[in-house]
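Listed below are the structures to be examined.
Both of the next two complexes hold subunit A, though its partner changes from subunit B to subunit C.
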Partner chain A sequence: MDELKTKIIERIKANFQDATENNSFNYNRLDFNVNKTTVPSILFYLKDEMGFKHLSHITCVDWLEEGELELIFIVWSPVDKIKVFVRTRLDRENPVMDNIDMIWRQAHTYEREFREMFGIQFTGLEAPQDFLLEDWDGPPPMRRDFHTEEYASETFFERPGREDAGDVREEIIKRSGEEIPDFAKKYSR
Partner chain B sequence: MSFFDLKGTVKPLTALKQFGKKPHTISYPKESKEAADRYRGFHYNDIEECIGCGNCSTICQNAAIDMIHIEGVEGKKGDSGLRPRIDHGRCCWCALCVEVCPTGSLSLTKDYLYVSDDPDSFLWTPGVDNPEGKDKISFYTTNEISLNDFKRIPMPELEGMERVKSFAEVVLGYNEEQARAEASRCISCGLCTEACPEHMHIPEYINAIATGNDADAVRIIYDNNPLPEMCGKVCTRRCEDVCAIAVRGEPIAIRWLKRYATETALTSEITREIVNPEIKEANGKSVGIIGAGPSGLTAGYYLALRGYDVTIYEANAKAGGATMYGIPKYRFPIDSLDKQIEYIQSIGVKIHFNTKVGKDISFKEIYDKFDVVFMGVGFPDAWSLGVDGEDAKGSMQAFRFLHMVNSGEKVDIGDKVVVVGGGNVAIDAARVSRRLGAEVTILYRRRVEDMPADWEEIEGAEDEGVHIVPQGIPIKVHKDEKGHVKSVEYLKAEMVPDERGGRPKPVAIEGSNTIIEATSVMAAIGQMGDYSFLGKEFEDKIKIERGRFVVNDKQQTTDPKVFAGGDAVNRTADAISAIADGFKACKAIDEMLSKDKN
Partner chain C sequence: MKKYLILQKNIQDKMREKATTLYLGPQHPGITGNMMVRLKVEGDTIVKATTEVGYLHRAFEKLQEKRNWLQSFTLLCRFCVPEPDPVEESYARAVELLEGREVPERAKYIRVLMLELARLGSYMLWYGGQNGSLGLYTMGQWSVGDRNYILDLFEELTGGRIYHMYIWPGGVRRDFPEGFEDKVLRTMDYLEKRVKDYDDLMFDNAIFQKRTQGVGIIPKEKAVEWGVVGPVLRGCGIRSDIRIDDPYEVYDKLDFEVPTAEGGDIWARALVRRQEVRQSIKIIRQVIEKIPSGDYYNPIPNPQKWTLPKGDAYARTEAVRGEVGIFIASDGGTKPRRVHFRGAAYVHGITLLENLLVGENVADVSAIMNSLGTCPPEIER
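Moving on to the complex of A and B:
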């Protein structure tokens, strides 16, 4: 397996100068970090030249603190029994990515979902604007700065019959007679 | 074709091979298929196991969970008495509530079919309204998937045999990174605050540490505890017993976090700068306090902040009471206590050291001089063993021994020490004797698991090579010809269950006499008060029952001008209860004296 991994790394690095590898997994996995412009060509190369016929998954990670979105393409070679992760970072403010649904048709569905849930635009993607969410005009809901609870309380009204709800901290305070100073209250749950 | 078609007759019989097998057809009436193994359907809550921490309600992103009172569930220490009710109209079955449940009482079942045209009927309490859910649980939390962190950040400590070489502090304290990580484990439910006698604002200061605001944490801590560094090191921490995380894991290290916060203020000046207490203008009233222990210092500190003229009379050369003289310095170093006393003095509390009431000044003088008197006199005497030969040289009270060592006196204990008792005082005396170079044996009449001492202390003693003999009842101290302790004779005991449901009792086994050689014997079987300082006149006025002052819920004794707190009042005999007494008395005194003013 190690031999195979080294061979894959050599071939990829020879063809794609910007690719950096992560070979720290002790099972059948290899990671490559590339620029977003390299993604379509590296995926073409992996599929057509190296036997990675199968697209297992595409996923996205929101690196809020770093101001970036990370797209991860996972491809699998049924012959060599190894998977390769292709990772790329997009600017969180203006995330644009090339459409790759001509390489694998099923990427189309993933891309529609990323457009809706993370706000990533795919140039060349031909698909209706709405996917799962209906008449959505809020921010992309899978981004980490989307406040689900706030959205839920703004969108859905409180049904009558729930006024008897208590607060655990207040209940304890009532029983014990604790007096929390005002400046400390911002740290309460 | 023959008349008798054998094939046509026999062939249908092959269908019999299907006999007894599961039919492939759909049965009628239709049975719905069972849901998948980890299906996330309706909630089920084990009402008995639930402690009402409200973590489910806090995490719910749809605000679908309310905490409500239900019939038959009463709140107690470690249980808020509230239980979750779920609006299934809002629930999205994400199961975050299950993943964060610290007790594991909340789970999801395979039930998912529910049809009703009444929207109100979707509001129900799991476990109460669907008791049948108990047998259909499918999605439940495990330690692997739980979002709670059940493992405590280990506290760095000196290694066992390294410790006995000196009186250096054993526990080294968290660094910033460790403290933030440990504080982040807290779920801020606040169940702990009820178990704390002083009701400190625990979730608030832990949250302040977790978010990196150490100064705020110190300020919150000083709101009702003027000796937090002492508590951070040696508190009996009943808060940690009821911690919600402790149900399935290790409780949050509340004590160590308090220690971390207070240690960020290195000196009394920095403490003063951070806490920046508001000191009210002097109101002309005065309070006299007897004893500079935790209760006296607490009452003094908060009364001084409220503008009272506070004077404390302390018999010893240093303040701190039992925390100064009873606790060994490897647990609570002297400069750590000094820093806190200095801070308390800096806000205007006057302390007269080496002034024993009843000897250097009479109780009557104090009583007449001040508007109110507070007594935090503690238990200065100890129970004796009550066995033959106890008067031998080298036989002493563990409490006295600790007092002498802590005041820097030299005590000759020889090289073989026997400590009788199983409380913290016994363990402390044993560990101090180890540091003075002696071989130490602890003789305790019950089992090790019955010892009232902190388990960490017992473990610490074992690590340092202290030998513990459980189920041993001392009967005689043998003397040599010079009248010095030579050995201790004890009977082995067996544990007999108590018929009335109490703790099992040790009963001596006849003829099991065993002798251990010893150069000194220390009794650590309890302390008692000495109230002779009151004098004849006040002994009648201030009622004492079973060795303790009788007080009302405001810490007021039978003389309305005299308040009391600490070991001489409460039965729990720890510092935090004494602080609670002092704080309660301060509020009552303030109320009483400010009424006089108007």
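Moving on to the complex of A and C:
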């Protein structure tokens, strides 16, 4: 396995000068850090030249304190039984990335999701704006500086009578002036 | 020029009459959950299909960023209701990978038992769903009834029938109750007899054969590239299984086969699943035979103060629907920086389904969806 890993590292480094590797994992995993402009070409190379045919996952992590978004592409070789992580960092203020759905069609779905949830713009991505969210005008919700509770309390109003943890039936009686029916009394707190 | 424009408009009008838009879902008995497939049909042939999601998003991944490493388990099992255990196992293993925590051998065997029981339970639901989509309802009544015997086992072992939260970092929550092994073996004996009945009812049925053969074909040469995984990929004649290719827990110590079938249609996928049920029973018997005694849990520190080193990990599990994976990233704190779930339906339910449905008959949409194992909660987490 180690021999195979070394061979892969050598080939990648010979073809992509900006790729830095992390080979500290004692199992079948390899990590490469690249510039965002290199991502499509390294993925294309891994798929077509080195047999990493299967796109296992694409994920995005928000490093708020560092002002960066990290995109990680995980590819798997069914022949060599190795997974390779290709990482790149994007500027959080203006995250723009090349579209890779011509390499793997399924990347299209991930890109649509990240556009919506992290605000990453993929150049050349042809897809309708709405994917999971509908008529969304807030900030990208999966970013670390989006606070779900704050957004909900600012956007939606509290149902009257639910400000405290009181019995909702008593509140209804208070507001409507109606008597609580006998059969419901035994359930009342 | 004017004449040409009028002619063009007439043609367009005629085309418009020919094509109809059908909305399959989000509430439709033929759909596999809360999603919609927008179909453009000419006659009863589909010319375009678009998957529409957004009915189910519960922000699980966002919520997990506010919880400690252990509290995520109550959310994880809800990613896909029919088979929650592979998600729990993936997460637990990702945490263990990141922390470098050892898991006792006995716990690994118990985890395999859980995963295979979950696989059987999920296949029992698939029997019902696949046949129900073709109007054959007896099968579902049999198999869902038999699934209860598996749920009984889950209940005895974990306390829950559907959601278990039993596999956690460091091992499993509790050991086998007294006499549990015998009960598992008895259930396996019963199920082994029943799958023969299933074969008579399902695979020897002319309606099932005619409705599934040659329908929803995935080309073998494109399958891996398109992101097809699990039984669907094996139904294209490609031998691929994470349990063998990227072994986890103790699968490398167990003897089982990876069934494949040629054709890439619904029938081939059904043949693969038929064999996998038998292989799961075989694995469970081996687990009961080989399970060592000893600890079942390597205790974790106080969960409120439990920190994981900075870094990330990705663990994959072979579930009924295919590859299930959990990516976790840690900033060195008591809570995850990011948890990202990967389910087979994320690919099968969108890009693959949209591709496969073109040229198929409207009546086959539901059968194709069931054969791909599309599970909408996996698309919207």
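What we mean here is this: the second predicted complex is superposed on the first by the 159 of 189 C-alpha atoms of A that agree within 3 Å, B and C clash if a C-alpha of one lies under 4 Å from a C-alpha of the other, contacts with A are read in each partner's own complex, and residues count from 1 in each chain.
Note that in this section contacts are C-beta pairs under 8 Å (C-beta built on N, C-alpha and C of every residue); 3 or more make two chains touch, one makes a residue touch a chain.
All figures in this text were calculated on a predicted structure; none of them were measured in a lab.
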First, second, both or neither for A:148, with subunit B first and subunit C second: both
Touching partner for A:166 - first (subunit B), second (subunit C), both, neither: first
Contacts of A:54 with subunit B and subunit C, given as first, second, both or neither: second
First (subunit B), second (subunit C), both or neither touched by A:156: first
First (subunit B), second (subunit C), both or neither touched by A:104: second
Interface residues of subunit A shared between complexes with subunit B and subunit C: 148
Residues of subunit A that touch subunit C when the two form their complex: 28-29, 53-57, 59-63, 72, 74, 76, 78, 81, 83, 85, 104-106, 108-109, 130-134, 141-142, 144, 148
Subunit A partner contacts - residues on subunit C that touch it in the complex: 53-54, 57, 59, 61-63, 65, 224-227, 229, 240, 245-246, 312, 314, 316, 323, 325, 327, 329, 337-338, 340, 342, 346-347, 350-352, 355, 380
Of all residues in subunit B, those that touch subunit A in their complex: 52-54, 57-58, 60-63, 66-69, 75, 80-82, 85, 87, 89-90, 119-120, 123, 187-191, 193-194, 199, 201, 203-205, 207-208, 211, 216, 219-220, 223-224
Subunit A - residues contacting subunit B, complex: 148-149, 152-153, 156, 158-159, 161-162, 164-169, 171-173, 175-181, 183-185, 187-189
